[in-house]
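Take a look at the following structure, please.
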Amino acid sequence: MIALSDVARTCGIAFEGSDRPIKGINTLKDASEEEISFLDNPKYLGDLKATKAAAVFIATKMAAEVPAGSIALADDEPYLKMALASKLFAPALVDDTAPEAVIGEGTYVAETATIARGAVVGKGCTILPGVYVGSRAVIGDGTILHANAVVYHDCRVGSNCILHSGAAIGTDGFGFAHTKLGEHVKIYQNGNVVVEDDVEIGGNSTIDRAVFASTLVKRGTKIDNLVHIGHNCIIGEHSILVAHVGISGSTVLGRNVVMGGQSATAGHLEIAPFTTLAARSGVTKSIKEPGGTYAGFPLMGHRDWLKLQGILARLLKR
Amino acid sequence: MIALSDVARTCGIAFEGSDRPIKGINTLKDASEEEISFLDNPKYLGDLKATKAAAVFIATKMAAEVPAGSIALADDEPYLKMALASKLFAPALVDDTAPEAVIGEGTYVAETATIARGAVVGKGCTILPGVYVGSRAVIGDGTILHANAVVYHDCRVGSNCILHSGAAIGTDGFGFAHTKLGEHVKIYQNGNVVVEDDVEIGGNSTIDRAVFASTLVKRGTKIDNLVHIGHNCIIGEHSILVAHVGISGSTVLGRNVVMGGQSATAGHLEIAPFTTLAARSGVTKSIKEPGGTYAGFPLMGHRDWLKLQGILARLLKR
Amino acid sequence: MIALSDVARTCGIAFEGSDRPIKGINTLKDASEEEISFLDNPKYLGDLKATKAAAVFIATKMAAEVPAGSIALADDEPYLKMALASKLFAPALVDDTAPEAVIGEGTYVAETATIARGAVVGKGCTILPGVYVGSRAVIGDGTILHANAVVYHDCRVGSNCILHSGAAIGTDGFGFAHTKLGEHVKIYQNGNVVVEDDVEIGGNSTIDRAVFASTLVKRGTKIDNLVHIGHNCIIGEHSILVAHVGISGSTVLGRNVVMGGQSATAGHLEIAPFTTLAARSGVTKSIKEPGGTYAGFPLMGHRDWLKLQGILARLLKR
């Protein structure tokens, strides 16, 4: 916990009001009374009105909108100030004070694997050489971590999962605030990744940790090699992501979504359950209707894509 | 070896006939008398007639087609049952009973590299920190494994090869059977990867092991970073695969095929020798004619692609 | 240093003239009097005239063009001979004679991380398990190397950088000479990678070392997961490269270039400062004008791309 006055001072914001201990940053909607938040995009003004956040980074001209009970941290660059504050709440990468890792019965841990202090590994797991399970990470029962797979600090992997070599769970989400000089200030990614049971993750795939809360891969999903999942995504149950798929931040897939090789989505989208995306599809708008099959970039129905290719082939022959 | 009756019991199939020891699963065509097989796609009915397999997972209504000498393992979901059986034949990831690894003369092995029991490494190799060579894997002479490269169990890498950091040879092929509830049941990938001599494999590239038999990368092929090769592919001699190439399962490249950056192929295709695929090409049909140059997705001759771009540019100016 | 006569002998070229010690290979333009060079492409004939190189691999029929003071290494396949010679100058991957690594004050090095002899690591760094810092590599102050990140020999990473798991800095550039039989002969990549301060590099991204001199990532640039940067590229300050971006060799980005997910460039291009490339853009020609926004493959202005998609949508509805 950090005193709110210290947070303000770190960010160079004059602090007025009653001080209180703060445990982290969150969205206006999800922040508790022990967290601070920020308003960057006016479309969240409704969330501001209802927020429980202890304090809110906000543009000076909007400061009067902060509800009673919450303190305005007013500044011309509130998003940038939130980024500066985020570093204060970054969890320790290494924690020598944590208790020794707990390793379940019948679990094999190779000599050169590292299970950090504070981590918990279930029963009957196979942990091959070079694996790293970070501080406070949790692994379920019967899970296989192939050589050099990495589970970052504070992440959770369920039971009966398979992580292939080089899979990296919990890399930082790609989030920055920008200064007027064009520099990028890191928004510390203080959330985690939660991988549910029966998930397989291919070689050298990466799943970014959430900026707040969790990036979530639900039960039974199968992920091929070299796939990238951005921060705060939710991947529905029993989905299939083929090699080189890229999913941008905060996109939500329903259950049984199939994404072909090299297909990708923009961020902040919803993709309905049972959607099939052909190889190399590029999704830039949410898909609301379940069960459709799509192709192309920009995305269209798969039949339309085939028809369009026919039209182009005829243009070529003219 | 596992008794055929035990295989049937594991899959919940009533077993009739004379029992026998089984060593694995294979295609109808390649199965020996000590292996079992399956018929999923009716186009392999011809292979069924000629199979030597000890037993065949097959749809109940087709069971009568199984030839004399082979036993029908009849079920409504034969492919799913094969997937369940595949787990029985998965080779051990860790084998404490295997003899200590054999390391050739003049080979340097870094302290934090792991050469598993049962592995064999040739002469004059350089094995940098964090490398993992799995159980029963074989490495030729003069090969360099850069830091954190991984060669999974049972895979073979030839002489004078270079594997860059994070290259993962022998990750599981992406193969699943599907239940009526939309769950995916892993088909254990009990084959391996064979990399011949003089092959270079870039950083964080992945080559999936075969479901049966071998994924094969032939002599002299050069593979860039972040390339994915699916299970059971054959990559011809002296081919060139540029960064981010993706090759789906069971596709066969002839010799001296060049694939530009981010290009990709669908599965089960043949690409003729000396074919050149421009960057970002997407191949969905076999290429029979050697020596052609192609581009685009869907694929077309490179000249046609240039012409099509000219037509589109004119449409835009109208 | 290797005697020039020995270099010639290794390549099977008859040597005439006064012998001298050679320390490496470089371009005609940059070679010093202790280096050798080569002329492969006639467009560099101007550079030949002004070269300081001790000797030049050159086609027999062009040998008379080599200036006085430089020795012609004449052959029918000069580029191939240069490739053969490059191996002679490859720096040692492991150097037991180098002094022990220097580790700065307050730097945490995990037990299973390896800092090779001859390397230098600054103050206040965090080096997690499985990391490899190669011979003669240099890491600045306050840099975080996440589990299993790799910095190859002779590379330099600045201060306050973050390298995520599996990031590989200094993999070999993808450069080969080709024989008449279609074999590929490795051009040893004897340059390095230089990453300046305040750079973040995502999980499993790869940055290839230069063939000569340095691949350079300038100050403040942020690189997402699974990005590939080819040899001899220069990435300008404060650039943003989103997941799955691929940049081919020798391409130069100005400052504050933004490349969207899965976008890519061909090699030997220049991309002007403040250029924005939409997701999946494919750049095949240099961009001279700063500040533009582009999309598509082939590349066009972003507005044109939107217009073209409108035209195609109308074609589809006809």
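Letters A, B and C mark the chains as written, and numbering starts fresh at 1 in each.
Note that a residue touches a chain if its C-beta (ideal position, glycine included) is under 8 Å from a C-beta of that chain, and two chains touch if they have at least 3 such contacts.
Worth saying up front: this structure is predicted, and the values here are computed from it rather than measured.
Student: Among line, ring, star, complete and other, which one matches the pattern of chain touches?
Tutor: Contact map by chain: complete.
Student: Taking all residue numbers used at the subunit B/subunit C interface, answer same if over half belong to both copies and different if under half do.
Tutor: Counting which numbers both chains contribute, under half are shared, so the two copies meet through different residues.
Student: I'd like to verify one number: the distance from the centre of subunit B to the centre of subunit C, where each centre is the average of its C-alpha atoms, in whole angstrom.
Tutor: That pair's centroid distance is 31 Å.
Student: Would you mind listing the residues of subunit A that make contact with two or more other chains?
Tutor: Within subunit A, the residues that touch at least two other chains are 112, 130, 148, 166, 204, 226, 244, 262.
Student: Please output the residues of subunit B touching subunit C within their complex, sorted ascending.
Tutor: 108, 110-112, 126, 128-130, 144, 146-148, 162, 164-166, 200, 202-204, 220, 222, 224-226, 238, 240, 242-244, 255-256, 261-262, 279-280, 309, 312, 315-316
Student: Please output the residues of subunit C touching subunit B within their complex, sorted ascending.
Tutor: 93-94, 112, 114, 130, 132, 134, 148, 150, 152, 166, 168, 171-172, 174, 176, 182-184, 186, 204, 206, 208, 226, 228, 230, 244, 246, 248, 262, 264, 266, 282, 297-298, 300, 304, 307-308, 311
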